[in-house]
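The first chain written gets the first letter, and so on, giving A, B, C and D; residue counts start at 1 in each chain.
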Amino acid sequence: MRKVAIIGLGQTPVREHWESNLRDLGVTALRDAMDDAGVDTVDGVCVGNMLSGALSEQEHLGSLIVDYAGLDGVEGMKIEAACGSGAAAIRMAVKAVGSGLMDTVGVVGVEKLTEYSGKFSTAALATAADADYETTMGLSFVGINALLMRRYLYEYKYDKNDFSIFPINAHKNSIHNPNAMFRYEISEAQYAKSKHIAEPINLLDSSPIADGAAAVIVCAQENISQFKGKPISILACEVGTDTLALDNREDPLWLKGVERSVKKAYYLADVKPKDIDFFEVHDAFSIITALSLEASGFAERGEAIKFADKIGIGIKGGLPLTTGGGLKGRGHPVGATGVYQVVEAAKQLRGEVAKEVQIENNNIAMAQNIGGSGATVITTILKRIV
Amino acid sequence: MRKVAIIGLGQTPVREHWESNLRDLGVTALRDAMDDAGVDTVDGVCVGNMLSGALSEQEHLGSLIVDYAGLDGVEGMKIEAACGSGAAAIRMAVKAVGSGLMDTVGVVGVEKLTEYSGKFSTAALATAADADYETTMGLSFVGINALLMRRYLYEYKYDKNDFSIFPINAHKNSIHNPNAMFRYEISEAQYAKSKHIAEPINLLDSSPIADGAAAVIVCAQENISQFKGKPISILACEVGTDTLALDNREDPLWLKGVERSVKKAYYLADVKPKDIDFFEVHDAFSIITALSLEASGFAERGEAIKFADKIGIGIKGGLPLTTGGGLKGRGHPVGATGVYQVVEAAKQLRGEVAKEVQIENNNIAMAQNIGGSGATVITTILKRIV
Amino acid sequence: MDIPRYWRLKDQRYRLQGKKCLDCGNLSFPPRLVCPKCKSRNYEKYFFIGKGTVYSHTTIYQAPDRFDHIAPYSVGLIDLEEGVRITAQFTDVPAEELKIGMKVEMVIRQIYEDGPKGPILYGYKFRPVISV
Amino acid sequence: MDIPRYWRLKDQRYRLQGKKCLDCGNLSFPPRLVCPKCKSRNYEKYFFIGKGTVYSHTTIYQAPDRFDHIAPYSVGLIDLEEGVRITAQFTDVPAEELKIGMKVEMVIRQIYEDGPKGPILYGYKFRPVISV
């Protein structure tokens, strides 16, 4: 397979975009990414989205986005892998360009979650889990993650407040991201008092639902000189899966999907965890950050919080996490999130983020997008092209 | 890109499968295709599906199918392109194998439309069209096709009953397909008396909603000797798109998506319409068969019915259509249909269909899967490997 | 009860607000952020007058859930005078009198009620032009 | 009102019917067509007894639409005696008394009502084992 690169970046702010529909959000991000790359057409468009059918009564987003982006006739398709839909769409673009069938592909992650009331969105998000055996039992998506957190607290004897390190760090970074939804700091005291959503998960453990779209333009690395965008190399974009239902896993606290995904990604990229300069982790819930750090090979089992504390996860720490605010601070427009993560990582590598959050001398970034409770995991490793 | 082939076929009957859920249908077809190929694992699975979220409250089908198929850890993703989702999934598999990233990929098209009442399914199917400007006006998916048929009758001065040639032929063939839902003949008199669904479209113009799953195993053609299945070469699997909404097209009676898709497919396959031995056309409605024959280059504009009458579309005709019964006779489980079409075409080329419908000396087949009112079109050209 | 959508589409539904490309003059309905002709993102609002002719029509007997109680009803494609085609229901005309080429004009009518407690959606429908 | 699904799942919901692999003896709940251990498609029905221990639990305050009126309620993962883990609601026990490792047993209770006119879904819930 030939090497692929990212040559253009686009994103809308993450917000409650009542004034914009799916097509406007998607088209804005895609056209911005095309302008950044300096192209006026692409060979294909991959759209990552989870809930357009349930919440906007609109399927067939592939054709809709290419049509409204002024790309009449271009191939467009929607890829769905729950909250992992965004990175799944990037994966499809990598295959399309890698195969030589296409030279330049646009990827758009787009989601509108605020079209209906919260209860309705909560039900829609639960379609990421097993409809017949998890969701019909009244288990929400937050609830699934709460089951993991409760067991983790029990096994490893943490105090729940120890988890505050992750959302506090995310919010500290999101202040400097103009596209983030929550641009304020939070404190340990606020975390401790935060109201329960699904015990032991509280509001400040949980990434907020939101609307947004992000886009990247993927090209063959051999062609980068044809574009005006600053290129970033995609060393790997690899998928691992696990059982859809949490209860079907022998060891729920070990995310096999993460392990499988990173093993392939590290191998293809020829890197080790210690080579990663910063990590856009899928912090949909604080517990997922912990489990991801462990299964990705950064921390020992049960040691993620101690690891974070010791090595430092801030901008000047040993492993900066969620430098753009993460899902927690930026907001979590589910099918768009995986693309936002890669856009943020690429902007860091390009040296284009606010100086307060710019990591110096960075070279290799990792972004990890997780669908469901770890049933689909896509790990992307990016490298600066000198 | 390296050449790809189909090495395994599987399908469930098309029925109202009240006793089976999505996962059971999908797993049955996939495992049958794997058995046919003689493989016990694959490198990835592409799932074509449109409405699992709306009608089964279940997204994340990629992981669900690989999990329940006993393929723990294998990459699985859902591709959605409305009624074109099935062939879109095949297209993704072709890219994955063509790129060299994967050697063997399973494709499953699966849909369950009979979980709710018909009115609910009608609303869900309309999400293939423009939610804000077509569907909210009360236009059903049948209605969109009725607008095309009315204009066609007006422009080309046909009698509506002239269209009966297509469904009569489909039903004649479906009798011999054990997986078809409607295994009986229909007459011109029955067609003329058939009740309106959206005038001028009547019940016998319309393919019935149904449940079902079909699967193919795609491999690199250089590897075919490793498998037990009888291989069929994929010469092309190409996509063309058009505006999502019918009203946005300057000339609605000319399906530009079809034209764009077949032009690429003919070019890649290096064939002309006259080289096609039989055609699995997307006969969701009789009018679509006519428009597809014209935009695919078989018939002149406005001449599809005369062409069909003259050349013969039966098994012994000049261009046999819908040899397995088509969407009309076999049934139309939307996201599965594109895979059923390719399975049927491959079985014909293998010489494995009932002798009454087996075309002699066939060599090159075309299957065309259409999403929405022609906004996504995927044309697949298959060839016997001697 | 997707209230944001009701609110967002009000200028389209009540006033046929589309867009006009400031670079090539192309008119769009629905509004588009990118001109389909010249790819410009440079646009202004444009309000269509709401007069046109019938390009095609159908009468729907089996309707989606939300419209089931009003079936049969007629929907069509209408060529607006400004050269843009739109999809709309017909009103004040029996189905059998509809004809391709018929002159029609926009009126505001109830489109549907979103459940017994939900909001009522109003918007454009088209009726034959009444000769005076 | 997805009646086919209610009907299809009744043996699982009322009787914990899973499957047993005839080739390797592996037990599955939910039922599976392919054995996750040995990939065999050779299976027989297996009914779980419905006794087990709590692996984890949560109390849900913000619930999906359908369950909103009963919130807060508790859901957990239960390790059945036969070595299979399942997801279920708890009943007959206050949230604060739930503990990991607690012995529980299956009972049939109402899970939800599908709207005022819809069918009522019954199925398994788990309660603490009552010592005699």
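Everything that follows uses one rule, which is that a residue touches a chain if its C-beta (ideal position, glycine included) is under 8 Å from a C-beta of that chain, and two chains touch if they have at least 3 such contacts.
Because the structure is a prediction, the values reported are computed rather than measured.
Enquirer: Write down the chain pair with more C-beta contact pairs when A-C is set against B-C.
Expert: B-C
Enquirer: Taking the mean of the C-alpha atoms as each chain's centre, how many Å separate subunit A from subunit D?
Expert: Whole-Å distance between the two chain centres: 32.
Enquirer: Take the average of all CA coordinates in subunit A, do the same for subunit C, and state the distance between these two points in whole angstrom.
Expert: 38
Enquirer: Identify all positions of subunit D at which a residue touches two or more other chains, and write them in rising order.
Expert: 5
Enquirer: Of all the residues in subunit B, which ones touch at least 2 other chains?
Expert: Expected reply: 21, 56, 72, 123, 126, 130, 132, 135, 248.
Enquirer: If every chain is a node and every touching pair an edge, decide which shape results: line, ring, star, complete or other.
Expert: Graph shape, chains as nodes and touching pairs as edges: none of the named types, so other.
Enquirer: Write out all the pairs of touching chains, ordered by chain label.
Expert: A-B, A-C, A-D, B-C, B-D
Enquirer: Per the contact definition, I'd like the list of subunit A residues that touch subunit C in the complex.
Expert: 18-21, 24, 27-28, 31, 40, 55-56, 68-70, 72, 114-117
Enquirer: Which of the residues in subunit A end up touching subunit B in this complex?
Expert: Against subunit B, subunit A makes touches at 1, 21, 44, 50-51, 53-54, 56-64, 66-67, 72-82, 88, 91-92, 95-96, 98-101, 123-124, 126-132, 135, 239-244, 248, 256-257, 260, 371-372, 375-376.
Enquirer: In the complex, go through subunit C and note every residue touching subunit A.
Expert: 1-2, 4-5, 7-8, 32-36, 39, 41
Enquirer: If you look only at subunit A, which of its residues touch subunit D in the complex?
Expert: Subunit A reaches subunit D through residues 118-120, 122-123, 126, 130, 132-140, 142-143, 146-148, 150-151, 154, 195-201, 245-248, 252.
Enquirer: What part of subunit C is in contact with subunit B in the complex they form?
Expert: 5, 9, 12, 30, 55-68, 70, 73, 75-77, 85-89, 95, 100, 111-112, 121, 123
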